[in-house]
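A, B, C and D are the chain letters, set down in written order, and residue numbers restart from 1 in every chain.
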Amino acid sequence: MKILDADKLPDLAAVLAAAGYRVVAPVRDGAQVRMAEWKPGLAIDAGPIPANSVKEFLFPRCEVIARYSLDGDSFAPQPAPVDAPKTAVLAVRPCDAAAMVALDKVFNWEYRDDAWNARREATTLVALVCAAADDECFCTSVGGAPDARLGADAVLRCADGASKFILEALGEKGQALLAAAAGVLADGDARPDPPASVPVRFDSKAVTDWCGENFESPLWRDLGLACLGCGSCAYACPVCHCFDIQDEGTRSEAVRLRNWDTCGLALFTQHSGGHNPRPDQAARWRQRVMHKFRYFVERFGGLACTGCGRCARLCPARLAISQVCREIDEARKAAAK
Amino acid sequence: MAQTETKTAEAAAAFQPRIVAFVCNWCTYAGADLAGTSRLRYPPNVRIIKLPCTGRIDPLFILKAFEGGADAVLVSGCHPGDCHYTSGNYHARRRWALFRRLLDLTGIDERRLFFSWVSAAEGQKFADLVADITEKVRAAGPLEPANPARRRL
Amino acid sequence: MSTSEAIRADAARLLAEGRAKLVIGYRARGPHRAPAFVSDPAGVDVLIYDNLCKQNLAVYLRKPEVRSRGPVAVVAPPAVMRSLVVLAAESQLTEATVLAVGPDAYHGVLDLAGAAALLKEKYADLAPSPELLEALAKLDAMSPQERARFWTDQFAKCTRCYACRAACPLCYCARCIVEKNVPQWISTAAAQHGNFAWQIIRAFHQAGRCTLCGACEAACPQGIPLMLLNLALSEEVAKQFGEKPGYDPAAKPVIGSWKPDDDQGFVR
Amino acid sequence: MARIGVFICHCGENIARTVDCAAVAAAAAKMPGVVHSADYKYMCSDPGQQMIRQAIAEKKLTGAVVGACSPRMHEPTFRRAAAEAGLNPYLLEMANLREHCSWVHEDRAAATAKAIDLVRVMVEKVKRNRSLYPIRVPIEPTALVVGGGIAGIQAALDIAGGGKKVILVERGPSIGGHMARLSETFPTLDCSQCILTPRMVEAASHPNITLMTYSEVEAVEGFVGNFQVTIRRKAKYVDWSKCTGCGDCWAKCPARKIPSEFDARLGARTAIYRPFPQAVPNKPVIDREHCIMLTKGKCGACAKACQRGAVNFKDQDELVKVKVGAVVLATGFDLWDHSAYGEYGAGKFADVIDGFQFERLASASGPTGGEIRRPSDGQVPRTVVFIQCCGSRDEKVGKAYCSKICCMYTAKHGMLYKHKVHDGRAIVFYMDIRAAGKGYEEFIRRAVEADGVEYVRGRVSRIYRRTDGKLIVRGADTLAGRAVTVEADMVVLADAVVPRSGGEKLAQLFGVGYDTDGFYSEAHPKLRPVETAAAGVFLAGACQSPKDIPDSVAQASAAAAKVLGLFARPELEREPVVARVNENTCVHCRACIQACPYGAVEDHEIRDRKGHLVRTVARVNEGLCQGCGTCVAICRSGCIDLEGFTDEQVFSEIATLE
């Protein structure tokens, strides 16, 4: 058993950095803890659930996917190599790790997305078993768990009353990482701490079924009232993956960009002729729930939600998808009786 | 020490700042014309973009110039009371007063953003202004790499 | 009667009398406060008010979904009332019904003029928090390069989710300038230039209008200290032009009006 | 796809000496969208222009950039050439390679590099230029003249003489203005009424002039060429179509002690009255504030006296709408109320009078029949002190300006007094004598030398009344350096000339600016002294600044010439550089409406087919827009754009400098 003292996460990061990894870890930034590129001297705070998900290190908010040089009236394509540095993500949450597996499906569906795959290949996810959860967490309602291993290449687990971590490799990438980190890991024994307890808040199967029958429902209208129509939830979500393609240029070069986008914004479905098939926030909220709990299931056989709760934590209007699902579940149960 | 100073001075002299100027048609553009007809000399670092009035100058113009790598921006129009459109420059003055505070706070300080009144009769003032600004920006050095507005992709 | 109870009583009366078809207030969601939309007098029990209620509910009065419901009453602390006054000055609304709450008092149901009068009488000096003032002073004391670095780091976090815009009652444009693509003044890229331009213009478009309610910063999922920008501009507006938005429904726009003796010490 | 032609001018050696023109043309040839690039010694010459025309035709150019001198020099030349070749003139732009480049730089490499940049900027701009066409606005060839003083009368007569219709609006019951009140005029001392009344009659009888006295402008809509003006015709209570002006009514009016405005309160009038015997129209009105019938409900003496039954106590104000193409404001002036000067008796001494009161005392038609008798006791004053600059040039009372006419009329007053009271003393206290005008200095000399008016340079510090009625005038003689005390029988104050009351409201109706003193602002202090910032609204007379009669008449004729020039064509052609609102995205925050210096941005209601209001947006009135673009920069959501300087154009200009 590989053991690391609880306060030695920076040492682990340092040794991995020395071994050529770009290290991403939860670090404190003002009032938040954020997943960020670790730099020597930075403390690692594995306590709170980070405000951002690990998604942006595999699927950047803004990525150059093509490049052209311009000369007079002619242009010439230029290489736009995928930026896929060898990366170790420390203390990634099980919900985030599971989300990457969902995204693998999307990015290898009808089209193999080289950029995603290259970064996925280059990234080692070191999951952290959640020792605590808050009232927005609901991984257990969507098939996950605080100690789930789906998507992780290695697992960190608190032990001996949070004084130690146990680090365990789950595959080749994990073993390579453990090998690179050998210098800071000790062999020994420790008693794993119990994982956080996350109550099951709703039956996701019931939500999937309900969604199939309730494209029209007063629920959507009520949800639409409070929603402000920003992209906070989707951009915080580890599974949301919609993007927009934009071209930008200067006199001498042009780039094609892939930017995050979201169904929460009114412009997402705005047609150039002026018509918008999702004319209001109610329609957009419906899309959000439907996509996560119905369409994704139909297409990929799993949910597009891993229960991290970030959307609810960060929503300016404090809307929570878990609560919506719970209402749906309860309404369905009530109807069944 | 002396060597370093020489080097710095040389580097400063070699640095050709890029300055974008937004000027109104009726006063400063005409003032720049007068500098020309009077055969005054000033450094060739300024590129003038002509607008009808300073009232037309949107802060977006200034941001765009910095985004494109300008080392400094000059905005110039008619003296108060002389606006061809009576009050475009008064509107502009308010806009600038606030916008410069915002840019200063975010790291583009007063060595990068200049405002002036140059009338159609002030060819000499225009020449002196451009010479002085160029010198000041040269002394301040390139805005890069600290330009927070610079395009990076 | 507690403030919450008084709000419930007034809300129920407004709904019962038909003076409002919808009351927008606050409710509890776990330890948090969320907006509540009550259209039935029997449903007013969810309404509460305490010092955790921070969201600026004025933002909802611009939503078509809300407007289509008929007359709306809104639970309004001073920050919300000030936003309504600015909206009135900008011809975005002509009337309002507010359940006016102060930090330590409930002022009952007021119309727009009543809210403006109350603001002038009781809430004329709403000072920014000492922490915010100190943070701005600290920033001002830095060198320009340090400030550039500070903001470059902060803006680097921006994902362009536009929660700041969505949460602000004064960001009511039908088509935001960032969405205008001919020409695309502000890059859509969540990269340095796009983020800088977006954040600077967002703040600038609030100049002379912002009432420092804090909704944008509270909404930012990335914790970017937007209030530093807003405060700097508000201070400048007060200092240079003696203007304090959100008190006079007939006020002229600060940017869009002028005085012959506006300061021009910075103009050569 | 853009097909741009670039034409680089050497300007002889003027550009070519410092800028490598061939290199600029070569660089331009490689710029995106450029299909033709050439350089030539003199682009503005006939062969040069022919090169441009030929290239436009042969290469089917969609735009052209001429790199030459300042556009202020030759832009019209080259645009004309483009138009001759069939290219919309607004698709040609100039890069200023001479004034902004070759003439101000020495380093050939740097100047050439800059020249290439300047051309590139314009190439990028011109690619986004659109064909523009002059805006044509139909003109209603009727002028409105506001104010029936000498300036208004002159302007009306000149416009009417030019064959165009005029509506002359006067607030009082008669036209004539202040000039009708004057006794004699400087520097010729001809009788004011003798030269004025024929003009008044001519104005009233001119077939092209519609006279609207006892009327005021109530509301103004529209813009140059197309104003709709609402005029309030105040109730006269006399049906002028029946009235013959016989005078039976006012002879019977029992309210006889109303101070006469015309006689500067030195005489009295009745409640039904005509202001003076030569009034035009020579018909009475009833002053509703003083009429016993209208205030107390009983009397009716005038109605009984009128054999034609013209008196109608039920008369009402009437609002009349007129359509006019141009407006001349000639609202004139008032005298400042000197009661603000406590040291001059705060207006409480009956024998401390103003210039108009003296005019009336000196006038043969005045309350004293032209004898100089002081108001308090009707005695002939033996010593009269005249004080110049009363209020004028005194920042203490907020008037920094010189009233311009006082030096001259005070000299005239001194003279008139001396002509009538040969042994009397006329003493003038003055700060400076400003007698710039034809025959003016000579007139002053005549007052001093021929008529013995005594001039004391200095200010009067105090006037007080001794128990015997003498006014003790204490002042300084700064030339002699001593204090002076005069025992005067009457004092005449040359009060500052101030704009007519209510002038600011009128200016706001027409969108005309005014200065801190309330005088109307001309469009340019030197080059457009008759125009205002509001297109189609012109100024005449003292409403703009203090003026004497010849200056007022001259400006009135100038304003009339401007109006006739405007009316010379059936349509107004305007530069198409105007702002436009994207009404789809406008949210009607009204910032642009409040900011526009010309009031050219208006609320516009969008209605559905049934007439229901959908929403309100801003809309630019092309007739009023001058193209400054202030609204464009103020619009937060980028819903307004300015033709010729569109966001797209400016954006590409900036972007190309990266």
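Heads up, the rule we're going with is that a contact is a pair of C-beta atoms (placed from the backbone, for glycine too) under 8 Å apart; a residue touches a chain by one contact, two chains touch by 3 or more.
All values derive from a computational prediction rather than experimental measurement.
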item: Chain pair, B-D or A-B, that carries the greater number of C-beta contacts; value: B-D
item: Separation of subunit B from subunit C, taking each centre as the mean of its C-alpha atoms, in whole Å; value: 34
item: Cα-centroid distance, subunit A relative to subunit B, in whole angstrom; value: 45
item: Averaged-CA centre spacing for the pair subunit C and subunit A, given as whole angstrom; value: 31
item: Sequence positions of subunit C contacting 2 or more other chains; value: 177, 185, 187, 189, 191, 255-257
item: Two or more partner chains touched - positions in subunit A; value: 62, 248, 250, 257
item: Residue numbers of subunit B (touch at least two other chains); value: 64, 67-68, 87, 91, 95, 151, 153
item: Touch-based graph of the chains, sorted into line, ring, star, complete or other; value: complete
item: Residue numbers on subunit D that touch subunit A, as the complex places them; value: 30-33, 120, 584, 655-656, 658
item: Subunit D residues touching subunit C - in the complex, by the definition given at the top; value: 584-592, 594-595, 616, 634, 636-639, 647-648, 651-652
item: Subunit B residues within the subunit A interface of the complex; value: 68, 151, 153
item: Subunit D-touching residues of subunit B, taken from the complex the two chains share; value: 18, 20, 29-30, 32-37, 39-44, 47-49, 51-53, 55-58, 61, 64-65, 67-70, 84-88, 91-92, 95, 127, 151
item: Residues of subunit C defined as touching subunit D within the complex; value: 90-92, 172-177, 180, 182-183, 185, 205, 252-253, 255-257
